[in-house]
Amino acid sequence: MAITDRVREILSWYPSDNPGTLANLYRLLSTGTLAGTGKLVILPVDQGFEHGPVRTYQPNPATYDPEYHIQLAIDSGCNAYAAPLGQLEAVAGKFAGQIPLILKLNNSDTLAKIDQPISALTGSVDDAIRLGCSAIGYTIYPGSSARNRMYEDLRALTAEAKQKGLVVVTWAYPRGAGLSKEGETAVDVAAYAAQIAAQLGSHIIKVKPPKAHLEQQEAKKVFEKYAVPWATLEERTRHVVQSAFAGKRIIIFSGGEAKSNDEVLEEVRGLAKGGAFGSIMGRNAFQRPREEALVLLREVMAIFKNA
Amino acid sequence: MAITDRVREILSWYPSDNPGTLANLYRLLSTGTLAGTGKLVILPVDQGFEHGPVRTYQPNPATYDPEYHIQLAIDSGCNAYAAPLGQLEAVAGKFAGQIPLILKLNNSDTLAKIDQPISALTGSVDDAIRLGCSAIGYTIYPGSSARNRMYEDLRALTAEAKQKGLVVVTWAYPRGAGLSKEGETAVDVAAYAAQIAAQLGSHIIKVKPPKAHLEQQEAKKVFEKYAVPWATLEERTRHVVQSAFAGKRIIIFSGGEAKSNDEVLEEVRGLAKGGAFGSIMGRNAFQRPREEALVLLREVMAIFKNA
Amino acid sequence: MAITDRVREILSWYPSDNPGTLANLYRLLSTGTLAGTGKLVILPVDQGFEHGPVRTYQPNPATYDPEYHIQLAIDSGCNAYAAPLGQLEAVAGKFAGQIPLILKLNNSDTLAKIDQPISALTGSVDDAIRLGCSAIGYTIYPGSSARNRMYEDLRALTAEAKQKGLVVVTWAYPRGAGLSKEGETAVDVAAYAAQIAAQLGSHIIKVKPPKAHLEQQEAKKVFEKYAVPWATLEERTRHVVQSAFAGKRIIIFSGGEAKSNDEVLEEVRGLAKGGAFGSIMGRNAFQRPREEALVLLREVMAIFKNA
Amino acid sequence: MAITDRVREILSWYPSDNPGTLANLYRLLSTGTLAGTGKLVILPVDQGFEHGPVRTYQPNPATYDPEYHIQLAIDSGCNAYAAPLGQLEAVAGKFAGQIPLILKLNNSDTLAKIDQPISALTGSVDDAIRLGCSAIGYTIYPGSSARNRMYEDLRALTAEAKQKGLVVVTWAYPRGAGLSKEGETAVDVAAYAAQIAAQLGSHIIKVKPPKAHLEQQEAKKVFEKYAVPWATLEERTRHVVQSAFAGKRIIIFSGGEAKSNDEVLEEVRGLAKGGAFGSIMGRNAFQRPREEALVLLREVMAIFKNA
Amino acid sequence: MAITDRVREILSWYPSDNPGTLANLYRLLSTGTLAGTGKLVILPVDQGFEHGPVRTYQPNPATYDPEYHIQLAIDSGCNAYAAPLGQLEAVAGKFAGQIPLILKLNNSDTLAKIDQPISALTGSVDDAIRLGCSAIGYTIYPGSSARNRMYEDLRALTAEAKQKGLVVVTWAYPRGAGLSKEGETAVDVAAYAAQIAAQLGSHIIKVKPPKAHLEQQEAKKVFEKYAVPWATLEERTRHVVQSAFAGKRIIIFSGGEAKSNDEVLEEVRGLAKGGAFGSIMGRNAFQRPREEALVLLREVMAIFKNA
């Protein structure tokens, strides 16, 4: 499709990237129902690794099969499909070219006791190239004492990805000894995590919807002094979007645990009003029966399209 | 031999692999008594390293000699023979080409006190190439706090093996601080381990026969909510097989400690009914006198052939 | 512009560097209001990473946008602009060549609890080359038990930067288990930190203005024995400058937290009298409204020009 | 000399090695008094590093000079001379070609308190090549919690050595938190250590003479169940030799602390009867006056020749 | 100058080194007042890094300038000048070729609390090549629990230096958890440290003058049994020299803290009588006024010349 003004504007925010990366960013923004709008809905399926198979796939047993997910992403008009190495290898050769792919490069499981949160590296940039992906994905846990290892691994992966013409999508999920449980989704922390991901050179940033909590005392004082609004999801989203280079980095929000259609749409409306670039929605999509998922995803896309 | 429909179907589940890896997978599936059936029985001999020589070889002193084992694997019609570096080097040059080889790339011993379970890397992909192997083998211990190091080493080895046309066989043996002793063979944990190995990009996954225990509370709730059956070995095996990409990854089961013929065959029948692709049977094979072992292995293969 | 005698003298202190590095050092000394004087004022913006977005940008919301900062650095006549990877990538392609750039290669955040202070590596020398930078920046924390890792990383980065014709700017910020809180800015410690940065091969060294405290007993004895003056900021600055190879390494001082104009200028006057080569001023510049910042920076430059 | 049947047989046990390694193995087996017999006596001198100079050399002060040792090895008809880097560099250029050399690649000292036993890497395979050596030597401490690092370093060195045509000699010395003091020389542990070294791909294995102790409960049960004899040194040696691939790996025994001639010869007789391939004898050789050492070594060689 | 018999003899002790390294060793032995005698006096200036600037330079403020030191080394007729990276870079280009240089590759400071003594790597072999140096210098702390890391780093640096034609000078300074404070300079420990440095392949070894203390019980027994003399500095020096390959490794002694002329000369006389190859004298040289230093260094050289 012909490039739209909005996509052209978004690409202009990445003036230091090579044509290969810009082409893949263009591809992500020009695929599916939201093509050309500058908005994105992405289907991510790494929960089999992160939470285990029965919790992930049993609500909809057809989903044990990796082919189910990529087909759902294509049929629902998503911009892209994201998954770990094995999940993508099981389908990449068969569905080659049908939808942009994001290779999730690190993953965690719930079987081990790990002192401070840090995922294992489970894929490489060359794997992404070999599988025809448009982007790599990587999860950082700001707040973890293992922060340096994660930021440094991401730095190296980002440099390699940019050299090889890929887009970098960072999952910024605060957790670890530096934060309270509530603090993991506090609005100041979410904004800080978005800023860190942006400073690390990510093209697309994924955070959780920020909640009405302020974690850091120093940040709280500034919120109060300057009366930064944070009562509604829309306001909090706006602050987080602004914290990603004044909205000049693509920032999308995850859906979290399975919820009712109404809850999902309510949340998406708040995010969209606050300037979110889109959603990355996994369990709320594939744990529903396929037809229900198609309907829900269509509604989510409509909200972003009209925002 | 001419490719069978079943082997063609199995190869189709690996659409992202190169011809070299597919050729080696074909070789594994087209060797021995079970050639062409899509089933496998493999002889693994790493117990000299893992448990020490006297416990491993003394029941059948001829087995101190590495040549005994590969000859047994050939004569009994196994699909492949798996062993650590030294054990394979002692025979690879002499038996070159007579049976597909799997180089076990990491190993542990019982002499040292190690804080969290993790094996030492004792071979390389280039060793496997040099020795004419068809596959590499690697053991992960999901549940260990040293998880990341193991997953990351396996990731690198897997990438190199796939580039060099080898098959990756992962021993997925849950243990470590994150699990109770009983939990190591719990059905939810075995299924989770199989899922992890699949997500890490393994072609063949080896787990222990799952026992009638549920370890993780979150998983237990789902088993109950959806009434997933797990009372019999057949049912548990089916759940584990399903957890390896809906049965689209080759998953085989180990035999464990030496048992009576009846116990072995009883277990194999349960596994076969549940959809197992085969067995990997060491001590129950080589610790028996050679003629008894040949008889037993023949019976095991018959069960899988007829499943 | 034609080279001045002072710039020629300064370049002569780096007789072992290659023409590429000398050219970039020349560029830093020949840009902006202070061009040719041998003095420098640099705008650094890494506080979004180091302190979080709301504390950094909210006082002047236009600063959420990375373009604001580089434009301010250009318009105010700074010698250079320094920032982390993401912040520079957001502008380097658009403002290419308009002002010398310094890529800050490591950064820390306040979200994590880290045992001993050490920043994460967030950029590379090749990133600096790719973005058209004249220099790399790196922060060491002398006094931290993680000292060796930092010095060794800086060693490797410095060697690579020098080979590729870049200038090395070291932020020498004492902190960690070896020092009291007061000791972090003690004059003996600041001088020691400057010496270490010089010994590590840095071209430009950034320290904080030294305070009237002596931390190390052994150093204190020598200050007393030889009656080294350290009562005034001018005297302390002179000692620190002397400790950087008798003033033959460019040493500049940071401004710290936002202060009133008078406080800033008072401090700059003390530094200038003591022989400082300049200031690196972030929050005191960009947290003011743009017009006020331009006025203040002009006054700061005037003080250095006339020192 | 022409190859003997016994040497040809021994070489046949290494069917996977390249001609370069086989040639060096041939060299070790075809040098000195025992040439062609398949037996070896090696002079190792690393005690200056391991125990310090005064304890090592003062009993025979001429031995402070590295030239003493290689000359003794040559004159006494040893198969090879083994020493650390500095010790070999001091003589390799002058005595080039006169006797096969083994470069000891790792070493420990008694000055430091180290939590778990692990030697430092003090030489490389390329050093061995540069110095004209036939083999590398490496010490592992099975039983140490630092086991993985040692096995993995040895793995890498072994792979490189085999590629470059060198022989690998492994010193297998059990010690560490997993073992009692007595257990370090227990017969089951010595046999296990020999098995591990063989599995790691070593060509020649060095262990200490096994003592009449059983360390591991699981092993003890098997010794009892199968009535494995272990009362005499001959019997224990036989078990250890069998544990090195049924005697198809060259396994030699160290002499330990200085003893009387009678004690040395008594021990050697037991080892030889049990099937040992030879001795590696340091302090019992060089701490005696030169003439006495020559006599003793001749007697030791005679015992192995006639075994 | 024409090679002397003594220099020819010394070079013959390094029969395994390449011509490049021998040429640089020749250069060190053929420069300055002691040229051709086989003795050396070296000026080392790393105390600014090790102890801080004010303690190091304030007694003679002209020494804040790196140019002071190399000029002193040249004018006093030293064999070589040794310093860390920054200190050498500040002068190497200007004084190129005027005196052999030794690049100190690792350094420590007194600001940090480090659990076990280990210096940071602050330079590389390629830096030494780039700066026209004849040798690298490296400090090991035998007795430290971080021993392995240091020995292994030195191993790698030594291999690279020898390949690139440089000489290796090792500072062997015992300290750490394995030793008492007195033990750090005990004669048995100094001799052991010299032996370790020799075994690690060093060409020149620097130790502190050994004191009349025996640290290790096992060593003490041997000193007593064989009546090794150690009452005088001459006797202790002789033992240490003997421990460096029977005097076939160049071993020099450091001067330590600033002392009176008489104390310095008294100590040097004892060292010279004991067979020391020379002194490495820093603070006792440069903390004196220049003219006094020239006189003292001349007297020190005279003692070694006439020894």
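Some observations on this one:
Here the chain labels run A, B, C, D and E in written order, and each chain numbers its own residues starting at 1.
Rule of thumb we're sticking to: a contact is a pair of C-beta atoms (placed from the backbone, for glycine too) under 8 Å apart; a residue touches a chain by one contact, two chains touch by 3 or more.
All values reported here derive from a predicted model rather than from experimental measurement.
Traced through touching neighbours, the fewest hops from subunit C to subunit E number 1. Rotating subunit D by 70 degrees superposes its CA atoms on those of subunit E, with the angle stated to the nearest 5.
The distance from the centre of subunit A to the centre of subunit D, each centre being the mean of the chain's C-alpha atoms, comes to 58 Å.
Counting partners per residue, subunit C has no residue that reaches two or more other chains. If you draw each protein chain as a dot and join the dots that touch, you get one closed loop, with every dot joined to exactly two others. Starting at subunit A and proceeding toward subunit B, the closed ring of contacting chains reads A, B, D, E, C. By the touch criterion given at the top, residues 13-17, 142-145, 147-148, 151-152, 155, 159, 174, 176-179, 188-189, 191-196, 198-202, 216, 218-219, 222-223, 226, 228, 239, 242-243, 245-246, 248-249 of subunit C touch subunit E in their complex.
Those residues of subunit E that touch subunit C in the complex are listed here as 46, 48-49, 51-55, 57-59, 61, 64-66, 84-94, 107, 109-115, 118-124, 126-127, 130-131.
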